[in-house]
Structure formats: structure tokens, C-alpha cells
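Structures for review follow.
Paired with chain B in one complex and with chain C in the other, chain A is shared by the two complexes that follow.
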Partner chain A sequence: MTTDNVKRERAQRPAGRGIRQSMSGLHIWAGLLMGWILYAMFLTGTVSYFKDELSQWMRPELAHQAELPDPALVAQRVADELGAIAPGSPQWSMRLPDGRTNSVYAFWRMAPGEAGAAPGRRAFGEAAFDPTTGGKVTARETLGGDFFYRFHFQFHYMPVLWGRWIAGAAAMFMLVAIVSGVITHKKIFIDFFTFRGGKGQRSWLDAHNALSVFGLPFHAMITYTGLVTLMALYMPWGERTAITTPAERQQLTAELNAFIQPGKPGGQTAPLASVADMVRQAQERWGQDAVGRVTATNSGDSTARVAVARGEAGRVSMSPQYMLFDGPTGRLLETREGVGAAAETRGVLYALHLGRFGDTVTRWLYFLVSLMGTAMVGTGLVMWTVKRRQKLSDPERPHIGFRIVERLNIASIAGLSVAMTAFLWGNRLLPAGMADRGAWEIHLFFAVWALTLAHAVLRPARTAWIEQLWAAAALLALLPVLNAVTTDRPLWHSVAEADWVFAGMDLMCLSLAALHAVLALRTARHRPKPRAVPAKARGGVIGGALEEGRS
Partner chain B sequence: MHLLSFALCLAAFAALALATERQQHDLFGRPLPQAATHLLRIAGTGVMLLVLGVLLDWQGWGLGLVMFSGHTSLAAGVVFCAAIGLASARRRGKPAAISPASRRV
Partner chain C sequence: MMSLVGPVRRAAPVASRIVAALFGGYALAALGSVAALALPMSKPQAVLTGMLASFAIYAAAVVWVFAARSALRAWAGLLAAAAPLLLAAWSVW
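Our next item is the complex of A and B:
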């Protein structure tokens, strides 16, 4: 076939969809179908970068930690306490306090036969401990910021695996949306700074593009690494083929984390040697504040082992680094500081997602760019309705698909802000001694969220947006007031004490309240453009004046 | 060091913004000469590479690259919002345009 023939054939071919067009369609579908779930994942993920601070705020009974307590002493105290409350536990693990946490979170495996541990199934106990006394914290029962964190990748009210599968599916759709979005964005460099205001759909598109492109490295990274963190669930076949014996499984686990696994207990009791000394040895090796976690197996038995693991700050990898000690004697058995190349790759990707390595500025950068990503999803969802509203044959009676998207948008975006703030209100208002208090804070979150959906369906759409945005603004603005009234840590006190966790929380609430108020005002002020008048009716001063009405 | 890096990123993106035709129209009412646009692009890119170098030297490859990504994303957003603010302030300052349709016949 000659070049001329090819060219002629191409010219004669009916104008079809180019790759940009098809990618645009793919982008819209992928974004829309999972948009509401992705928005929730993005927003809860964003706030999770400050989940430790949020947890502190949600346990106001725990005093502000002005100085970091000696990690070695803390480890000893909590180890003693765990020995008392969970004797015979095959494995316990504690996370030492750092600059962002003022309690020690620990979990332990129930001894076989213990209440709640069904035969064959592993049951865990968990609690937060006071670093100064070693005892369980005497603060209100709450999941703290960990609720948003866990919701982010496994939601709630469903088996954990289902939640993670849904999150994974949403993330895969997100990846498709990112790649198709980049392909379809025609003038990604020329239009880098473009914003055309007051132009309806075009303005929404410019905003969506800006939010997406500026944060593109982050959005692509966070989506891909999110999938990597649960890759063993989504693509298990390699592991299933390669790892067939328990010994191989132990080797694999050692490459992934510092949770050393217990062997068979020897049966002879032997008290644990000084955990404080073990931690001090680790501090000598890695730094004063560099110890993150202490795990023990078969504590109190002659076969006990203790692993002191390095903290996550300052290195972009979650691959385990730990010093392994013999439990009864305290002798250093092994120092593990390297893993294989594949495991290290996974460690780096996992670390990038969690962002725990960063200093305060880096954490704030993560938070702000993640917020941009949340807005990216939100603007995309809203843009869908803005674009199609113009094309409705009868704007008073849109088709069912449009109505569903419109109402879900309101509840998933504005409604989520209301629900998340209601969760914090619940933390301050629910009685301290209430049974299952932590669970009821969560029930409140979902109840309010469901109410916002009902509100979104029952009210006219535009009114629902405005009312929910104002509700969020009000709840956020009044949260510092509620805090001042229900605790002894009001804003002025926190600032005076340089308690930046509480002060920061109050100030953040006020800033977010202002943001929601601005959104509510702009929505209220927005007057939809008059629909284009057909050509024969236009003309003369009146028709022309309609065009001038735009500022 | 973070503050310095962020400030330099702001300057770099401001230069790159000024090098785009649309922003030049919005801010100056006319496109700048080609040479100025080239210079702005080179300067903007150069400063950004400088920031990368500073961060890599300060924190190493892992942390440095992540911090660079964060600073650039945020700085781009800030410059973007500033450009919107400047453009709308400029529009408000101008007297309302007289259009043919509203002129008395």
C-alpha cells in the first residue's frame, strides 16, 4: 500500500473518536462510578496524616506532653504492665511515644484458651497506656484518629477484607482516572496556570485541572502506593506459589515487619530481663529518639525473645530494622538492618504512602497536597452535574441518573464534613462512663451522615448544598467553643502552654469553618446563567443586554 | 531551610507563570517580548533545580525528593491563587466597559 493510498483512506474514514476523546469518556466513567467512595477515602486519608494529634485531642484527660519521657523507662513500665494483664500471651507489641503521641498503644495476642480466643483463631487485645505510670490510660474510651485512618482503607460495619477489597477497587479506578486524565488533558503545560472565572463548567474544569496537575506527583504516588500496601491481598498468586512452608512464611514475615513470631513455649518460667537496657542499646545504635517499637514473644517463658525496632522517622522505608534480644538474659542475638531488594522496594513504597518519615513541614505538605487531591475528586463530581445540567431537556425534571449523582454529591461532599465534625462533637458530648462509648462515637458519625443523605434527597438540591455547608461551618466553628466548655483546655490555655496539638486543632477547626462558610456563600451567591436564547428571539437591546449581564 | 526552599519555589513558579501568554495578557494587557519570556522560563526552571539541589544536599535522596515534590506542588497552588487574585483585582479596578448594545441609538 502506498503512502498516498493510506492518506486517502484516512481522509475518507468517518471522523471517529481520537484517543483524547476515548480517554475522556473513560476518565469520566471511572471517576464517577467510584467518585463518592474515593472522596471519602481521600478526606479521611488526609486527616489521618494527623491521626496521632487527633487521638490526643480526643483524649483530653491525658496531659499535654511537654517533654518526651525516657523511652527506655516507658518501655519497661508498659512491659511490666503487659506481663501483669496478659500473662502467657504468646506475643505483645507496643509503640513507644514520640513527639506526636502522648500514650503508648499496645496490642497482645490472647493466650490459647483465654476468653474470646476461639480455638484456631487468633484473638487480640489492645489498649492505650500512660507512659508515666505504665497503667492503662484513664481517658474516655475512644478510637481517636484511628477511626478515620481505619475507615480510609477498610471502612466500617463490614468484614475487614470486604472493606479492603472495596478500597482496592476504588484505588484501581482512581489509577485509571489519573492516567486517562493526563492523556485527555490536551494543553497540560500551556494551561498550567489557566483559570477562567465566572464561566460555569469551564471554571470548574480549570479548578479541577489545577488541583490535579499541581498535585500530580502526589496523586499518582498515593494511589499506586495505596494499592501496593495491600498488594498481598489483591495479587496473592506469586506469594502463594513461592511460599509453601511455615519456615518460608517466617522468612517472608521477617522481610516485611518487626513482629517477631513466637516459637513453642519451653514451659519454664523465666522473668524478662531489663527491657529498658535493651532499648538503651538500640538508642545507642540509632539515636535517642529513634526507637519506635518493642515486641516480645513468649514473655515470661524461657524461650522469650524481644525485638526492639527502629522508629519510622527520618528514613523513607518501612522495611524492618530491629535488634533481637534473648528474653530471660537480655543478650543481643541479632541485629537486622537490611532486607532484600524486592522487600526494600515495597518498604519504600509503603513508607511513601504513610508519610510517617517526615518532619513537621513535610507532614503539612502531605496534608495540604492530599487536601488538594480531595478537592480534585470533589470538583470532578460537581463538574459532572454542572456540565449535564446545561444539556437537560427539562431542567425542572432531570432524569434519574442526574438526580442520583446530584444528591449523592451533596451527601458525600458536604455531608461528610458534617458527619466528621459530628464525630468530634460526639467525642466531647458522649458521657465518659458510657458502655461501648468508642463504638457509639462511630455510630453517631454514620447516623449523621445518613441524615445528610436524607436531607440531600428531601430538600431542593441548591438549598441542600448551602444548608449542609453552613451546618459544617457552624459545627466546625463551634467545636473550639465546645472544647473550652467541656474540657479544661481551651484555646487560650493551649497557646499559653505551647500545647500545639490542642491549639492547632482549634485553629484548624476555625480555618475549615471559614472554608466551608466561603463555599456556602459562593454557592448562595451563584446565579445560574440564563439558558441560551434561541437565535431568532435574540437581537435588539433586550437580547443584547442579557449577554452584558455577566461580570 | 524549608522556608527558603518554599520561598524559592514560589519565585520559580511566579517566573514560569509570568512566562505564559495568558497570564501576561491578564497582568500586563499584552504579551511580553519573546526574549523576556525565554528568560523567565529559564530562570524559573533554574531556581527550581536549585531548590532540588538544596533539599537533596540537606536531607539526602529519599527525604529530599519527597520534600521537593511537596514544596513544588504547594508553591504552584499558591502562585495560581495569587494570579487569580491579581487578575480579579485588576478587573475590578478597571471601569466597566461600554458595549455597543447598551449605547443609546
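Our next item is the complex of A and C:
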């Protein structure tokens, strides 16, 4: 602003209103520019709290696991299998099954020069393994719930670094939107208890405020901790300045994760000692179900080492805790259970974001408040159009900016629900033996999403909202039916067997279908109220009087 | 070309603030994360502390830039905040 404008504005406004005005503007712009991306991040993040259950549901061939198999035996079986399928691998790592997963996810680094790995380039293999046999699972190829999880912070169809940078930028905009939202909202506590229904823009504002304020601690926490999870990427400068030698790098890495770096292989083969024994020692130390991950470096070589890391449930920190064993002899080399203060802070913040420490109740709380956060972003986006619509000089021909926001809102909000459900439909319908089946489930997701955008552009806006919300409701409601028809695990079976993963999934679909139906009905019944505008702005005393009398 | 002068002059302060917020804010946060190395703690912990705090610095800088009464004051504020951080970072560079 030039000084002339500043003086004029300050003369017009009462002093002290400046900051709330500027923060309101900042809040609206920050929210709008990244709103669609943030909505998608929020919704996929929300469902990711149940990604393991989703993954189970998406591999119906794997039987419901009534009781947890012995982690020590599972670790041994998979370790043997990895030794067979990835001999000479410098590093492999497996995640042991817990109450929420019924398969073992493992990845391994390809040996240099191995087929598919260009010399000097690291390549990874990954697979899910059956805990009872140790062999690769014979379920349909799918990314499962991990698709939504990975999309949440690195999107798709782009190098992961780009995706993470976009997610980080969106998160910074979110943080600014939160801070500016709080500053602009002076009566933050009174407004928390205010909801004026049926008043158009006022109601949207009240809904937006209630959702935002009620969950404010969560939204602020989830945004800041989200940035923390990838902080080494976003702010590498301190590390680049201070960490210059490999030893220093190793020292820093040890504060962050339990991945042990492989040393140079000695060249002499030596079979790995009993992994089951190593896991049992860890169980003695931390608890029967407290072992999370087993990582081995240079397995099969004389320099092999095995790290058994503590699980994430039951402790609110991702800081590394592990027991390090000598590979060939099984001797305990080191137990690492503490990191420095800043590292522990980072570990706690990371854990707060992922929410894996929680029991079922905590997880549901996370899910519900995160859903509220999603609705917060959604209501904000919709409110922008509701507010602007009042100010349109010609409601029949809004300016291009308005039209873009209006149509993107439809596809990003209602369309995303349709696309995510279509992803699940694809999981049930795509043939099991299809090549790249997992990738095609994802292609289907994006194809349907693109279709909802086309639909949003081609149909009248209000109709598009209603039709897409009904489409989402229908797809969600029919998903349990599709499940019953295409698998042998219908809802009544799951309830009878107390398989709450499958039963819960079916019931969740029905609940979400009802939610979308309610939204569709309310949108259909909603008639935008013209705002009472002062007569002179409406261009006529009579017109103004009519307007004022109506609302 | 004369017809562009007016709109550009009006947009310049806002554009300036946007640049200050996006890039100046990031630079200040990055500077802060390096300045953290001067803290009395081991190098790994200082590195992590700098990273953890950086996003708060960034957000605060953005809020300042748009709350300031003019674009000039916005930049001045960023520079004023940068000065002590620069000093601290210089001492460990």
C-alpha cells in the first residue's frame, strides 16, 4: 500500500482494526490458494488412520486373523524367505504383524549389479508376506490403504520429492491460515458456542468456525507435526552446515531412526543366527507384542547385523529404540533406548502426527477430529463462493475466478469422495490376475476423479454438487453389497465371526453413504438467500426496500 | 505502455509483500535453523532444534509481513529479525 492509501484507510477505519482486516485477507487467500490440495491431504490423511484395516479389506483372500501369531516365529520365517529371494541384499527390513495387520510388509535393497538395478543406483524390492508360512501373500496385488497414505504426503504420478515439496508448501499455507484465522477471530470463545442456522453465509461461517475452533488444538498440532515429519527435507540448511563427515552423519541418523547402515561385506558367507531368539530377547525387554521391526544388513555375510526395533504402539515417540545383534553369532552388541532432547521432541511430534501409539479409542478420536478438520477446509472453500455470490454484479454470469473456484470445489470435495470409493470398487472388480493390477486401481481413482471434474464443469453447479454427492452415497452404500457378491466375507459373516475389520468397513461405508445422502438432500433443499443490501448499492430505493423486507 | 504504470504501481506493494512472505520468510526460517547451531548443545541436537523451530519462524514472518503497515516496514522487520540470527549463524559457519 502506498502511504496515501494507508493514511486514507486509517482515517476511514477505527484504529486497531487493521490487523484483523489484514489477517482476514491473509486467511482467505492462504486457505483458497491451497484449499483443494489441503482438502485432499486432509481426507486421505483421515482415512489413513485406518490404512492397515483398509489394506486388510483390500486383500480379502487373507483370512481374518483371530489371534496374533508368535512374532518370533514370524520373523524367522520371513527372514528365511528374504534370505532365499534376496540373497546378498545389503539391507532388508520387515514390519511384524500386530493387531491391525495380518501380513508382513518387507522391503529389501537390491544387491548392486542385480537384475533391474543399474550399477551405482539403489533399487528396492517390496512385498507382503504371509505370517504363517513366510511366503509371499497370494492375495490380489494392491497397494491397499497405503495408496491413500502415500498420496497424503507425496501424491502420485510425480517424483516423490516433488510431491513432498508440494505437500510441505500446502502445510505451510495451512499453518499460516490457522494462525491468521485465530488472530482474526477475536471472539474465539464466544463464537465457539454460536451457530445460526438457515442464514446462508452466516451459517457457513458459524459451521466453519465451530469445526475449526473445536478441533483447533488438533488442527494446529497436525499441521505443525506434519511439517516436522519431513523437516529434514524442507530445512536441510543446519544439517548441511554442521554435519560434514560420515561419522557425524551416522551420529545424526542414529538419533532419528533404527536403520543401521551396512558396512562393507566381509566376503565370507555365514548364515544368520536365530532371528527368533533375537526377537524373544526384545520381547523380554519390552513386552510380548512390543516388537515392531526387524532389519538386517549384509545378511548371510560374516559382517551381518540385525536390529530388532520396538513397535510404535504404546509409546508416544518415533525415536529409535532397538537392540542390535551380531548376525552370525546372535550376540547382543548394543541396546539403544535414548536419544537427545531435541531428537526425542522430534520423535514425540512425529508420533503425534501418525497416531500409531493409540489404542482403538484413540484412533477413532483421531479419525473423527481429523474428519472435522477435513470439513473445516471444505466449509471454508464453499464459504468463499457463498460469500462471493452475494457480491456478484450478475449472478447468471459470474467472473472467471468465481467459476473456477466453484467448479474446483465440486470436484475436489464431492468428486474426491466418488473417486476414493471408486478405488475400492476397483479393488473388488479388477481381475485378480491382471498385470499391474495395483497400479490400475490407482489409475481408476484418478480417471474417476478427472471425470468428476469434467462433470462439474459441464453441469450447472448446484446440480453437479447434488449429483456427485448422490453418486458418492450410492457407491458407498453399494460397496458392502459388492463385497458380499465378489468375496466370501459379507457383513453377516464378519459380524458372526467377530471380524471387526471387515464388519467395521462395511458399516463405515453405510455411515458415510448416509452422510453423503444427507449432504445431497440439504444441498437440494437449499435455496441461496439474497443478502439484504443497502438501497443505494442495489441501485434503487424500491429495490433496496424489497430486499430488506425479505430476509 | 503508459497504461500499465497505474496498475503496476498499485500491485507493487502487494507483490512485494508476497515475495517477502514466501521467500523472505523461508530465508529467515532457514537462517534461524543455522543460527540454532550456536545453541549450547551437541551438533545433532542443535541441528534438530533448528529444524523444529524453523516453521514457527516462517509462519511468524508471514503474519508479520501482512500485518505490517506497509510493504517497506514488512521488509524492514524481516531484516531486523535476520540481523541477530545472522550474527549467531556467522559465529558457527
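Basically, the second predicted complex is superposed on the first by the 512 of 551 C-alpha atoms of A that agree within 3 Å, B and C clash if a C-alpha of one lies under 4 Å from a C-alpha of the other, contacts with A are read in each partner's own complex, and residues count from 1 in each chain.
We adopt the following convention: a contact is a pair of C-beta atoms (placed from the backbone, for glycine too) under 8 Å apart; a residue touches a chain by one contact, two chains touch by 3 or more.
On a predicted model such as this, the values are computed, not experimentally measured, just so you know.
Participant: Superpose on chain A as described above, then tell me if chain B and chain C fit or clash.
Facilitator: With chain A aligned, chain B clears chain C, so fit.
Participant: Would you check which partner chain A:314 touches, where first means chain B only, second means chain C only, and both and neither mean what they say?
Facilitator: first
Participant: Counting only touches as set out at the top, which of chain B and chain C does A:252 meet: first, second, both, neither?
Facilitator: Second partner only.
Participant: Considering only the touch criterion stated at the top, classify A:197 as touching first (chain B), second (chain C), both, or neither.
Facilitator: first
Participant: Of the partners chain B and chain C, which touch A:239 in the superposed model: first, second, both, neither?
Facilitator: Once the two structures are laid over each other on A, A:239 reaches chain C alone.
Participant: Touching A:400, do we find chain B (first), chain C (second), both, or neither?
Facilitator: neither
Participant: Between chain B (first) and chain C (second), which, if any, makes contact with A:435: first, second, both or neither?
Facilitator: Touch status of A:435: no partner.
Participant: State whether A:210 touches chain B only (first), chain C only (second), both chains, or neither.
Facilitator: After superposition on chain A, A:210 lies in contact with chain B alone.
Participant: Would you please give the vertex angle at the Cα centre of chain A, with arms pointing to the Cα centres of chain B and chain C, as a multiple of 10°?
Facilitator: The three centres form an angle at chain A of 90 degrees.
Participant: Just the number, please: smallest Cα separation between chain B and chain C in the overlaid arrangement, in Å.
Facilitator: It is 19 Å, taken between the nearest C-alpha atoms.
Participant: Please report the chain A residues shared by its interface with chain B and its interface with chain C.
Facilitator: Correct list for chain A: none, the interfaces share no residue.
Participant: List the residues on chain A that touch chain C in their complex, please.
Facilitator: It comes out as residues 1-3, 6, 18-19, 22-23, 25-26, 172, 175-176, 179-180, 183, 224, 227-228, 231-232, 234-235, 237-239, 241-243, 248, 251-252, 255, 340-343, 345-346, 349.
Participant: Hey, which residues of chain A end up touching chain B in the complex?
Facilitator: 190-195, 197, 210-211, 214-215, 217-218, 221, 314-317, 348, 352, 357-358, 361-362, 365-366, 368-369, 372, 541, 544-545, 547-548
Participant: Using the touch definition up top, name the residues of chain B that touch chain A in the complex.
Facilitator: Going through chain B, the ones touching chain A are 2, 16-17, 20, 22-23, 62-63, 66-67, 69-71, 73-74, 76-77, 79-80, 83-84, 87-88, 99-102.
Participant: Show me the residue ranges of chain C that touch chain A in the complex, using the header's touch definition.
Facilitator: 9, 13, 29-30, 33-34, 36-37, 41-52, 54-56, 58-60, 62-63, 66-67, 69-71, 89, 92-93
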